[in-house]
Amino acid sequence: MIKSKRNLALWVVFLAAAGIAPHVLGIVKTNVLVELAGFVLYAVSLNLLLSYTGVLSFGHALFYGVGAYTTALLLYHVEGFPVIGALLLSGLAAGVIGLILSPLLVRVTGTAFAMLTLAFGQLMFILCLKFREVTGGEDGIAGYDVPNLNIPGIASFDMLDPTVFYYFALAVCVIGVLIMWYITKTPLGQVVVGIRDNTLRVDYLGYKVPQTKAIVFAVSGFFAGIAGSLFALFQGIVSTDGVLHIMVSFYPIMAILIGGIGTFFGPILGSGILIVLEDLIMRYTERAELITGLLFIGVVLYAPGGLLWLWRGLMAKLFGSKSQPASEEVEA
Amino acid sequence: MFLEIKDLNTYYGPSHVLQGISLNVEQEEIVALLGRNGMGKSTTLKSVMGMVKPKSGKVIFQGANIFGKPPHKVSMAGIGYVPEERRIFPNLTVEDNLKIGVKGGVVDESNPKAWTLEKIYEVFPSLKKRRDNKGANLSGGEQQMLAIGRALMGAPSLLLVDEPTEGLAPIIVDAVRDVLEEINKRGVSILLVEHNLEVAMSLAHRVYLMGKAHIGFVGTVQELDDNPQARAQYLEV
Amino acid sequence: MSPVTAMYVAQAIHGLTYGMLLFLVASGLTLIFGMMGILNLAHASFFMLSAYFCYQVVAWTDSFWMALILAPLGTGLIGVFVERFLLRKVQQYNLGHIGDLLLTLGIALVIAEGVKTIWGTESHQVVIPPSLEGLVSVAGLEYPIYRLFIIGLAAAILSALAFILYKTRLGMIIRAAVSDADMVSALGINMPRVFMFVFGVGTIMAGVAGVAAAPMLTVFPGLADQIGLDAFVVVVVGGFGSLFGAVVVSLFLGELNAFGIQFIPRLAPVLVFLFMALVLSFKPMGFFGERDD
Amino acid sequence: MSENILETINLFYDYSGLQVLTGVDLQVEKGERHAIIGPNGAGKTTLFNVITGMYSPSRGKVMFKGKNVSGFKPHKLSRLGMGRSFQITSTFHNLSTFQNIRMGVLSRMGIRFNMFNRVDKMEDVTKETNAILERINLKEETHAPADALSYGKHRSLEVSLAMSTDPDLVMLDEPTAGMSRDETHSAVDLIRRLTEGRTMVIVEHDMDVVFSLADRITVLHHGKVLAVGRPDEIRNMKEVKDAYLGHRREV
């Protein structure tokens, strides 16, 4: 009870803060928050693979990019295509790609998995670069209109209004993250964690490992696709460098690592740190990636597992409570 | 004392697999460590060799403390290791498998313990015939001989030998046994883990029987012969 | 020689040049992976770093030959430092491959950004030394001397590598360690030191490739991208840790690239990844590999 | 009238040219506790792994409940009613004791792909899991991660996990490996209780465990069945003694 009361309080505070944020922070910072919302969704979707399934993907941008291109193409070619429809179709397209690739992906783990996903990510990058009549090559697709968000009979929102878009992105992000969080609490979520801990044992308990993994790839791909779609709606331009570049695959890994691998909420924390830090650094230097790279090395060397673990270790030391391994966060 | 192991404790994760093992080996002695599977015999050898890290205890070899030292330092101290399953380098030739065992790459002729290729081939004539074959292409018996020969090339004064007759045909078992006896005659002490009681009893001067994670019996071969109870408890069905 | 044949031959030599460079980079990567199980994502960054060092040394001393010696050595020193003080530390954490991959990824980022910070984002030209300038005519075919020089240089280094690996005690140790490093250390060989050495030599070889590539490809921040990705493909497809696999796949990829550009220019860059995805789908351990991690 | 729940017929297994199993005929009757023993290298573990679907036999058949299951994947065998434990503790080490057992309970109830309901709201699953934890004396450790358990308790969890899917046949691979004598004692107790009403096959080196648990014993030697019988019969068979001890060399 106490815990749920505290959770409720946290939610109220969070929603209140998120609600007034655009009015306090101004447009420029609100746009950073929009970016953050999309990035959080993206990082959490990757985290389903990294922390829950225990595989390291170097090609998650593939899903992000498919989502972004789907939205851009839909809006470019079909004038007035409903925003929600574009969003869901983008997620679906990415999820289906995940399913299609899964027969290959479930066969490998470890370094080979990382390399195979890297290969698929690069494949998509190059395909989109070369088929310029569809994708516009490195120039990308731009100049599509984002129609108003219509809720028939109730309201119509102007998506070009930054504040409106902020609330939209926030809603998509919160709903998406909540759904993924919920899935981790279902039997499937349990089995996936079991696969991470001990694949062989899961098999011996009567579960179909490849099929279970395939579902996770699809779900993870779906939400990465949604995140990509958000990007497309927000930026108004989708190009290979923006959504399919190898760095787009690496950034969420960094967020997870900085926030805390093996936890659900760590990546959200990590995303926040990464985006805010980048925003700060950008003001003083053009070399943001240099700082992030150093941060990356520092975290691997001195806080393996991430800041959330570091924090917990500190708490444990200060207050003598025994720190629990990943299970707590992963289940609880 | 030549090799002294005292109160050795080793863990695999939370599993306390060696619970205070104490044993010693005298100069030019063959000591057999017997017991059923899973009692910790191999782990004892690995803990001495540094292949697994022991948690506490004492391992003194020729007066030097080698407890917890990495394998290459233990090896340099004069201990040779013939592992379970031989672990021959499959893509090296027989001769290279032998040469890689030579400390520093050059046989130190002034060392009375040193073995040259000629000496090895004299003791292991079957290896000489196969000198240019890849390790992967040897039979089980040849691999075993090679594993012993490889360890000898490091001029050890003590050999740790783990299950040398496992999976070998009876005639090869005898050959391996005879080789170990011959090596011992040439001045190498041996600490032997062996499940073949016949081989162990005919070679060893003294015997340790291991129960779960501990030493349950120490004595000479004669004493073990006279102690059916110990045999029944630690070895028989 | 008919013009068509001549074109094919020229294309094949092009492919061979790139394949040789690729092998110089990939062989170090393969050895490191084979012995230590580490896929070093920063390996190609060392290649690039060395190209920048080359540019700098040439700018200072005006001597390409000086650069050919100094740049790889400097890069090698950095490699040794990375192995000794960073990788070794991460390996103790038991994070599995994720730790190694992420650390080396971080290093790759720092190098990529570091060169931009120091040398800017524009490309730098390194001039071909006069002695290697121009074309040579072989059997009625005109061909740039510098490319032939690269092939020769790579072949020389390969021969040296083969000599070390197959004719020296050190090579014996390395070959043995690829299959069972623990057993090697039980024979009295200080494996951590051997690891450091191999890491250093692998980095130096990547460095030599970087210097050789500098005048041909010009020096710019994206220099490592293609060869880096291709080198991973070589390691993965060649079979984690197999040097023989690395030779075969490097040369194959070189030709695949060259002829891919010739016949299906649009899809040429895709071919490499398609090839890797195909191989991994059917042989998750690669062509010549047995390693199960 | 007894029927065989598990049978291997002329089972062969080659491993890189080496014949590890050379025609094993094993019969396990429904409801019995059956031990497989034999000296090192006799092929016990290999036999165990071929039966449980880790390897496919090179030749011969594995029959389970009258069905040829040779080469079946582990999850299929599990669904048919076969459970196994591992010699090297192989639980879900980051998960709590409760979550470990629940993993088996979910599978038993056929809840394998559900991603729409919260698992902690499934009361029958929680109830059953708690009941099992009670039975295996791990109630107090409900929330402890498997890794934090004492060695003996971790081993109990390992064995219990094999039985969490409520199998008809449970295969135990050296359940007491690495245990102290006291721990072994309570493990034997636990195994006896948990296998009540099931068929059990055990591979074990600790002869005290074997003789106190097994109704029948199969002795394996050089990849073949050397003898089958009740414990007292086996204990007195000359060929079994010889296989374990070898012949003393006449001096």
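Which chain is which? They are A, B, C and D, in the order written, and residues in each are numbered from 1.
As a convention for this text, a residue touches a chain if its C-beta (ideal position, glycine included) is under 8 Å from a C-beta of that chain, and two chains touch if they have at least 3 such contacts.
By chain, UniProt protein names: A = Amino acid/amide ABC transporter membrane protein 2, HAAT family; B = Amino acid/amide ABC transporter ATP-binding protein 2, HAAT family; C = Amino acid/amide ABC transporter membrane protein 1, HAAT family; D = Amino acid/amide ABC transporter ATP-binding protein 1, HAAT family.
Bear in mind the structure is a predicted one, so any value in this text is a computation, not a measurement.
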| item | value |
| --- | --- |
| Common touching chains of chain D and chain B | none |
| Farthest chain relative to chain C (centres taken as mean CA coordinates) | D |
| More contacts between chains, B-C or A-D | A-D |
| Chain B and chain C, separation of their C-alpha mean positions in angstrom | 42 |
| Rounded Å distance, chain C centre to chain D centre (Cα mean) | 49 |
| Centre-of-Cα separation between chain B and chain A, whole angstrom | 55 |
| Where chain B touches two or more other chains, by residue | none |
| Chain pairs in mutual contact under the definition given at the outset | A-C, A-D, B-C, B-D |
| Interface residues, chain D side, partner chain A - complex | 52, 73-75, 78-79, 83-84, 86, 90-96, 99, 102-104, 106-108, 111-120, 122, 145, 147-148, 161-162, 164-165 |
| Contact set on chain D toward chain B in their complex | 18, 37, 39-41, 87, 89, 147, 149-151, 154, 174, 177-181, 184, 205-207, 219, 234-235, 240-241, 244-249, 251 |
| Interfacial residue positions of chain A with respect to chain C in the complex | 50, 56, 104, 107-108, 110-112, 114-116, 118-120, 122-123, 126-127, 130-131, 250, 253, 257, 261, 287, 289-290, 292-294, 296-297, 300-301, 304-305 |
| Of all residues in chain C, those that touch chain B in their complex | 169, 172-173, 175-176, 178-180, 182-191 |
| Chain C - residues contacting chain A, complex | 39, 86, 89-90, 93, 95-99, 101-103, 105-110, 112-114, 116-117, 229, 232-233, 236, 240, 266-267, 269-270, 273-274, 276-277, 280-281, 284-285, 293 |
